[in-house]
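Below you'll find the structures, each written out as structure tokens.
What follows is chain A paired twice: with chain B in the first complex and chain C in the second.
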Partner chain A sequence: MWSLHTPVGTVTLNRAVLLVLFVIALLWPVIGVGDFLLFLGALFLAFGLYGASFDLLYGYTGLLSFGHSVFFGVGAYAATFALMDYGQGAFVGLLVAFLATILIAVGLGLIAVRVKSHGFVIVTILIALIAQRLAETYSGITGGTDGIIVSVPDIWIPLLGEYSVFDPTFRYYFTLGVVLVSLFLMYRLVISPVGLVFRMIRENEQRARMLGYNVTAYKLIAFVASGAFAGIAGALATYINGFINASRFSLIVAGDPVIYTMLGGRSTIVGAVIGAVLIEGAGNYVSQVTDAYQLIVGLLLLVMVVVEPEGLIGLWNRLQRRVKRRVRDSTPTPEVTTDD
Partner chain B sequence: MPTGEQILIAVLNGVTWGLIIALIALGLNLIFGLLKVVNLAHGSLYMLGAVGGWFVIGATGSFLVAAVVAPLAVGFLGMVIERVALRPIEEDIPTTLIATFALLIVLDQIGLLVFGPGTRSVSAPIQGSVTLAGITYPLYRLSVAVVSLGLMGALYLFLHRTRYGMWMRGVRQDLEMASALGIPRSQVYVVTFGLGAGLAALAGVLLSPIVGVNHLMGLDILAVAFIVVIVGGLGSLKGVLVASLVYALVENIGTLYITTVDARVLTLSLMIAFVIVRPDGLFEEGLG
Partner chain C sequence: MTETVLETVGLTKEFDGFVAVNDVDLELTQGEFRGLIGPNGAGKTTVFNLISGLAEPSSGSVRFNGKEITGLDPHEITSRGMALSFQITSIFPELTVRENVLGALHSGEALSNLLSRYGTDETKLDRVDGLLAQVDLDVHVEKQAGELSHGDRKVLELALALANDPDLLLLDEPTAGLSASETDTIKRLLAELRGTVTIILIEHDVDLVMELVERITVLHNGQVLAEGTPDQIQADERVRKIYFRRDH
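Now for the complex of A and B:
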């Protein structure tokens, strides 16, 4: 396969594509896309982080959660309350969102990971449905569907000075920074020994248990870590929107990260970000044309999982394998079998 | 303090409500027991039953026709769903869950597109009320309870006295052995899904005069159906019936003392507390 050896490492095709995407993300404000696209870019990055947090749980540990809207919503509201009721800054808001979701995730996780087999899925969707109902009912706290306007105070960045989140370029880079750091931390987690246990649980839970690992504890760690990053994503999305309402807890929101991850490709972390940008980007235009936007997204997800459960990255890999095979078949030299 | 009459009404409401929930959750658990698929779109099938019934009543003016046509149509839809969407991925259970979630979105959106937002009421086909032990109770609700019981009896007979029922129990008990003995597994799956979908739709039609028709009604019932399935034990039909009745009775009696929303939250919390103590539910899996 195509690859380029450089002093800093080998650049394969996959890495080259990722690098290009990364550079585009980095230069997005510089290439003059306008304020609205900067706003959308920041928002989609936050959604991408939301999707990636789901992938951490589903893609690596095999735990399918339809309750991530709870973490997204709790993070968003925790940050909102920290900012609006206690006058804290944006970074403290993120920290509060992080800690509040951890707290909630430990509580809910203790219930969810203990239920056997597919009970986990059911419990998470139950949690989402109950949270949705509570958020609508107690509109005095959540602001109901009318919501709460969130004004984010200026953010002081060490060495660089103070910036307003109403500055689209700063808002974009602030989001990009937080998302990249979060993605990096998640990536470190999944390649760590703990992440290895996550994957072992996904592949063969019984064997993991037999080898003496406390499977329940590891599942809880995955659940809590995943929830905490979803909470940060929720807080970020609120900063960008400057607004929050009870529909953060709706089941549609719970399905979003599932769709991002399935479209982008599971067990990749970055796939969910690509999926989020594609879906939300397309949705932004489609929803202007038709009311049936959610219907189209649902159908897309359905077709996707039935036809290509590995998502776009799966399609991409399959395409690469096909090219590789064709190249190999046309070469007469005896082949050396290697593992991919 | 609520009077004895109020308590009696709450108990009657609880039993009726519980039997209907059981009807929906039985289909859910039947599908899980055989296909190992947690059908997240089950509430949407219930909603489609009610919406379909509303349209049939509008066209024919007959509740009875609606109660036959809508469940049959939704049952057929369920069979198509199993064949087209679930069959290709039946080896990969998590993926089937995502597929049924996608179906939930799709069906609810279709409900919204054809039915529109807002709740519409359906008049009960049986008017009047009965007086017993000093209280008057709507005759229709009693009929719903009786019909639900009858349907559950019919389901029991179907599972134990018919060829398909025997096949279903066989596939569930030992898939490989059943296949080796020539039981058409795929056909059994299709019928099971269709049956579950039809039962949910029928429950939707039966409940529409009591709760009204709304394109989001599926989500409400989904939470309740899932909690009784978890508490009753995944795959256990007996457990579902017991859990449904307990859930509905606690909730209905609770509303005598606290608000409706608080009663629901309290009941769900109690159920979840039960799940913490006993994660596997009331009964182990068993088709009986």
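Now for the complex of A and C:
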């Protein structure tokens, strides 16, 4: 009863909701929200990608990293250097961000994934602290806390021509495109046999090992893939802001994707994106009303984590199950078919 | 001559001066069903850990399918055709029953199928569902493994161990904590496996062991006290002294 059979396939309620969200994202510039909301929309999408990349590591593989800002920062700086020092275009910048983060993630991952459970968390925190300190110390390169203004050259899109990132509508669609492709790639990864191994490691590392899986290698794959997409997100955020500084590496920035994922719902990929848009959006609006916005958002989040640890998507699933059960109970014939 | 599947020579494990396993020699031929019994603390589980690589022997060696495996990582050993079912049930609670077995089946080739979706390979699905039907879990395939009863979890644990058609199966108390009827289910499954795969069974229920296995090794204080057919073991005075005293 929750599905609609159409010639192009079955539309379940969950898919319908996703479709609606997708259409809203697609039409965001068309419905006349204005330049500022277009700017915010693009920025929140980049943060959403950042959150989703964290979900790949935490939600699927069970590795809680409080150092994800390192990848966000490395991606951002790698793209910045490619653009500013080597005169490269925005796409090359993204590629450089992707590759540089992979390189860094392999190096850091070889240390971090060998450390078990709580040790892993601590190692990631230390990595973020060291990265921030380094970025502040070498301010000649990074611009320190004052930062660097990043000017992104016009972007040439095949068949469509050249666009400026200062065009809010283009900037938004450019970001949306990169984010959607990245989310799709992550989704393909988590539904592949490798994604199943990630979840097995999250559930029972020892068991996975005793079934013949090289758990350390798979953790490293998750760590690197997750880092690489965080790097892309960092580069995108820099393009949108036109600015970068050393605080990209800070623990506050490292905590953001954790919060997005907790609010939206772990091991869903899309949950972290929803979480990012809601948190950042709420932060933006509430801050116009009161100075205590961080306190308010923080309290709401606390309530959320206590009431529903699986986040908004968990809440949504629970609601669906309850309605389904009620419908089933009130139906006299036992021949009710339900779709999960 | 039948082939030797597993051979341990002088297997020894010391923890801080305490010798948990002392100079254990085991030899299992293909298709053999061996019982490993002994009082609590005799070193049975430690022997399993040493064979499967979960612990490294202080001295001695393990050969599996004719190759030296001493000191290898557990995943390297298990991917060579050894499977282990744990004393404390060890499954993937938040995955469905089918995903549990599918995951067990993928090992070794998950990476090469990076671009595919798991659970879409028909031959694999058939194998998974066939195995689940064989162990009577086919009604629960879509259920989360964590929602299964204790008995069904034990059965799933066994299915995980069987998924990759192992050459050697190490079973650590597969009936621990089960009701009589659940124990019967496991017993029936083990009887069906007899002869098709080499098995070492650790079990506290001595009657069950006597009924199922061909040979028994008795461990006592980390050492092999006796080895023989169930009848020989039951008749052995030393074994009776330490093991059957209370019952006989």
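Convention: the second predicted complex is superposed on the first by the 319 of 340 C-alpha atoms of A that agree within 3 Å, B and C clash if a C-alpha of one lies under 4 Å from a C-alpha of the other, contacts with A are read in each partner's own complex, and residues count from 1 in each chain.
Methods note: a residue touches a chain if its C-beta (ideal position, glycine included) is under 8 Å from a C-beta of that chain, and two chains touch if they have at least 3 such contacts.
The model shown is predicted, which means the values in this text are computed figures rather than measured ones.
By the document's definition of touching, neither partner reaches A:A25: not chain B, not chain C. In the superposed model, A:L196 makes contact with chain C only, not with chain B. Touched residues of chain A were counted for both chain B and chain C, and B has more of them.
Touch criterion met: A:D291 reaches chain B, while chain C stays clear of it. Looking at the shared chain after the overlay, A:R188 reaches chain C, while chain B stays out of its contact range. Judged by the touch definition given at the top, the superposed model places A:M210 against chain C, while chain B stays out of reach.
In the superposition on the C-alpha atoms of chain A, no part of chain A is touched by chain B in one complex and by chain C in the other.
Put simply, chain A touches chain B in their complex at residues 58, 62, 64, 66, 110-111, 114-119, 121-123, 125-126, 129-130, 132-134, 137, 251-252, 255, 258, 262, 291-292, 294-295, 297-299, 301-302, 305-306, 309. Contact residues on chain C toward chain A in their complex (touch as defined above): 52, 54, 73-75, 78-79, 83-84, 86, 90-95, 99, 102-104, 106-111, 113-118, 142, 160, 163-164. Remark: chain A residues 188-189, 191-197, 199-200, 202-204, 206-215, 340 touch chain C in the complex. Interface residues of chain B, counted against chain A in their complex, comprise 32, 36, 38, 40, 85, 88-89, 92-95, 97-99, 101-106, 109-110, 113, 219, 222-223, 226-227, 229-230, 234, 261, 264-265, 268, 272, 275-276, 279-280.
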